[in-house]
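Right, one structure below, let's go through it.
Labels run A, B, C and D following the written order; every chain starts at residue 1.
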Amino acid sequence: MASRIDVSIQHRGPEPEQERKHPNTCPSCHSHYKDEELEANLRVCPQCGHHFPVRARERVIQLADRGTFEEVDGDLRSADPLEFFDLRAYKERLAEAEVATGLGDAMIAGAAVIERRPCELAVMDFAFMGGSMGSAVGEKFVRASERAAARRVPLVCVTASGGARMQEGILSLMQLPKTVAAVDELREARAALISVMTHPTTAGVIASFASLGDVIVAEPGALLAFTGPRVVQQTVKGEKLPDDFGLAESNQRFGHVDAIIPRPELRPYLGRLLALFERNGG
Amino acid sequence: MASRIDVSIQHRGPEPEQERKHPNTCPSCHSHYKDEELEANLRVCPQCGHHFPVRARERVIQLADRGTFEEVDGDLRSADPLEFFDLRAYKERLAEAEVATGLGDAMIAGAAVIERRPCELAVMDFAFMGGSMGSAVGEKFVRASERAAARRVPLVCVTASGGARMQEGILSLMQLPKTVAAVDELREARAALISVMTHPTTAGVIASFASLGDVIVAEPGALLAFTGPRVVQQTVKGEKLPDDFGLAESNQRFGHVDAIIPRPELRPYLGRLLALFERNGG
Amino acid sequence: MAAERTQGAVEQLKLRERLAKLRDLPLLRGVGVSGEMARLQRQIDRIGAAPTEDEVWQEVELARHQDRPYTLDYVERMFEDFIELHGDRALTDDKAIVGGLGRFNGRTVALVGHQKARDIRERVDRNYGMAHPEGYRKAMRVMELADRHGFPFIALVDTLGAYPGVKAEQHGQGGWLARCQLQMIRLGIPTVSCIIGEGGSGGAVALAVADRVLMQENSIYSVITPEGCASILWRDAGEAKKAAAALKPDAAHCFQLGVVDAVVPEPPGGAHNDHDAAARLLAASLSEALRDVESLDPVERRRLRHRKFRDMGVFLE
Amino acid sequence: MAAERTQGAVEQLKLRERLAKLRDLPLLRGVGVSGEMARLQRQIDRIGAAPTEDEVWQEVELARHQDRPYTLDYVERMFEDFIELHGDRALTDDKAIVGGLGRFNGRTVALVGHQKARDIRERVDRNYGMAHPEGYRKAMRVMELADRHGFPFIALVDTLGAYPGVKAEQHGQGGWLARCQLQMIRLGIPTVSCIIGEGGSGGAVALAVADRVLMQENSIYSVITPEGCASILWRDAGEAKKAAAALKPDAAHCFQLGVVDAVVPEPPGGAHNDHDAAARLLAASLSEALRDVESLDPVERRRLRHRKFRDMGVFLE
């Protein structure tokens, strides 16, 4: 009990078993693909429909009308206010993640147009330290909300996160109320938040802005949980968890998501939603 | 299914088995009492604690500081807009109920002081046509709310009702939104509604003002249900209902009531609550 | 009996006055055009002449007709780009109530409605249109979203009643029906409800605390089912016809009693005969009603809504 | 390392400035009186001197001390006429969180708090202070009631975290933690939260989105338990001490990082040594904090609360 994880990163990478597999091998049907093949198919397995992870920049390409995404706050970086040092220094981990992903932190954000509807778009990247939310991600989300409120356009937010970034200690926990406050101001401005939860959306992110979407959309098979199945299994010991425990499908059955949208349908679906939330000259 | 009852009177009197017993015989431990004995004991069985029904005027005496209750709207009577006639005319039933109970309808209301705290007090009487809510009860409740709002004192409402009065047809159903609207105006005026649910509080009354109390108090063993156990049993056929199905104790376990207060403690409890809701010179 | 006949005559008079006003109401403008006004006139005339048990019972049967259009039948005909929203965010997605956003007359409108079904398996899935508290919470979620964004709100009512089951009770059926009404009466947005089939007691009124409440011509709205009423008052569920005549659940009577603001015409013989025509007539009435209440100042609209429900009922003093 | 040492010096400087200001804050006025200021000074000085692992770990152990006062221990000492409210009106009465109304400093105040227990059976009943979504919904109900009546609101935080169980997940633990925060940040009333023991991650912050957030001297507030952090980063839960030192969950560090507004002193040795004295010190700090925020205009207060949380975090640009 004492060692359980709550808001912090739980899914810091693929499951151990999968670790040995090539990332382009489908964990569900074991088909193997060339990267171009997967990319051309929106990273959905043509054989069985498994949804592979999508990196943030590729997600933007999948969703935004060509050439419309204008990234902002690209220079925003996490600081190291706690001078956090475990087996390695947080600063080192940050630098390494930036080199590995080409991203400044685990979220990119900017203005975009989706199916001819203007919006702000914020996309998380699980490859950057497990998509964990520290001060940089929190600030980027807040600024995206503020821009959406000012422009009176919806904010579309695509999440993929293991939770708060523990290397920023209590400050990472503070990103929860920080982003919640931003959603409140978005609401005051009558701008919509459309939350697209992808695998995995857990812990600190599902316990803040991601769950506050006016509409909550999930990708098939995504793990959407505050506490993931591994830790819950430790709590309940003997009890066998349901097969789809914590998955999007279970979440929909229990009333937490509005729709599970397969990736190929996501863009037109968002287009229709954005049209509905478009202000009639407000 | 088609014959099920929903908002209307279900508990129009004691259970058949009990019907043969004297009303002063405890249905729980079978002790028998003289009326004065029961009255002196607030109609709680000294032997086992069973709560006998309390008529409205006696309830006022139990709760209000002596001589403080000032009844209003005593002349308000149900009309018969549908000219309702079943085996007998509604008008006849009304006249008979008035003679039998000495009440104009199933609720009395007025200004009161409870433990030195001023309030409005509305009390239902199950003996008047099963405590059913027609236009007269609805209007009395609304006016009590309006007086409480104007005086900025809490409204204490003691319910005992089988539901809406079907002899007034759709107009009795309209007493639900009518009383709900009154609660909303009470809230706008920052006056509290303290709901005391006694046996039975069901159907149309629990589906309207009774459930909207700022604080909801119940008497032990009271049936508090939208649909009572007999009808639910018809729905679920084979399934055995829990022993305390629909009772106050079950309602508390499921989170619907704040406290179950034995009758001897009710008056001081209400006094403490009223003190907490007293406006500090607002 | 003499007194009763006199009162009947008075009501008929009031009714005629109302009908005269009705012709001037924007709401039914569309009706005259489609030639339904005459039929409506005949139907309302019937009341003055005291409809027979058989006539009232026919309305009950039509309201329950298995080919009658259900909420989603109307949605697909009236709305463009409807996106259904699911779940109460707490426990489940109760399919006895549907809700979502769509384009109605070119602008975004939120809608909820009870949903029955024809196919046996879907009927079970929809629980015959009888919702648990979770369904009403879903409706409340859609209302809240609509209110926040300023979308007008439409509710279609079609239920025998809120579900009388074990979990429904344990989860607080009565309380949620009350809270749903409370939320609905507070909304800042324009609201219109229409009874499109069975308007069964608390489960129905929970979605009908609107600025304008309409009833389709062959729908019923009642505090209790005729069968339930008969089994209590006549001690014989078989006397349902008599109970129905006594309860007066039909549209014309509800209109006469001031409970609904207008009656929505149906195609000849009833909505089940022509879903498309029924949807066109319903859409026309909803449009008129919305236009009517949208023109009001939000604070004033809310005040009038309160006032309307506050004044429901008939009593002596 | 040189850079780090410089940065440490800068922090120490900032800290001293803060401490200087602190002495003038109304919040800690009561502290000087009780002679606790000197101890607080020493404790905060320690940070400048970089506390050892052992020192931080001692705070963790004190925060979890089984004789430490729990929410109801404080309530019975600080409040008159407390009436507990029960239930989420939907599913259950989650006893891991308590809530109610009582008189505090002569006026009605609403309170919620996590509730642990000492007795084994009660511990199970309270689920060790780890709430399900239903507990947070109960808290939200109390907040809503307080907001409607204009009662100031106090939250006492003492939880290892929100419960990580099957039903908790199925019922939407994450979503309700989010909604609880959203409701709390919207409140029109004055709000004060205090961490009185363990402030464990999402389950803690859900009750701590307040105008003023206080921490008792020996409480901890952290995004993850030291054990959890150790098992992930050191791949060994036994390295909890190291993790604790890295996470800096103690009051002085949280104050230094701008996460809490003030530190509430405890009696010598810790709150567990003298519940009455601990309650007096807590009551004094809560009173000061409430007085401070009650003086603000409600709209301005809400704006400042938003601003405070909006500005949390440290980043480079």
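As a convention for this text, contacts are C-beta pairs under 8 Å (C-beta built on N, C-alpha and C of every residue); 3 or more make two chains touch, one makes a residue touch a chain.
Remember, predicted model here, so these are calculated numbers, not experimental data.
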Intersection of contact partners for subunit A and subunit D: C
Far-end chain from subunit C, centres as C-alpha averages: D
B-C against B-D, pair bridged by the larger set of C-beta contacts: B-C
Inter-centroid spacing, subunit C versus subunit B (mean Cα positions, whole Å): 29
Rounded Å distance, subunit B centre to subunit D centre (Cα mean): 42
Approximate Å spacing (C-alpha centroids) for the pair subunit C, subunit D: 49
Interchain centroid distance [CA atoms averaged], subunit A/subunit B, Å: 51
Subunit A: positions in contact with at least two other chains: 254-256
Multi-partner residues of subunit C (each touching 2 or more other chains): 89-91, 171-172, 175, 179
Pairwise touch network: line, ring, star, complete, or other: other
All pairs of touching chains, each written as two labels joined by a dash: A-C, A-D, B-C, B-D, C-D
Parts of subunit D lying in touch with subunit B, wherever the complex brings them together: 81, 83-93, 101-103, 107-108, 134, 138, 145, 148-150
Subunit B-touching residues of subunit C, taken from the complex the two chains share: 4, 7-8, 128, 160-166, 168-175, 177-179, 181-182, 185-186, 200-206, 208-209, 221-225, 227-234, 237, 242-243, 246-249, 253-254, 257, 259, 306, 309-317
Subunit D partner contacts - residues on subunit B that touch it in the complex: 187, 190, 192, 214-215, 252-259, 269, 272-273, 275-278, 280, 282
Of subunit D, residues touching subunit C in the complex: 89-91, 133, 137, 171-172, 175-176, 179
Complex interface listing, subunit B residues touching subunit C: 1-9, 12, 73, 75-79, 81-87, 134-136, 138-139, 142, 164, 166, 168-178, 180-185, 202-204, 206-212, 224-227, 231-232, 235-236, 239, 241-242, 245-246, 250, 254-256
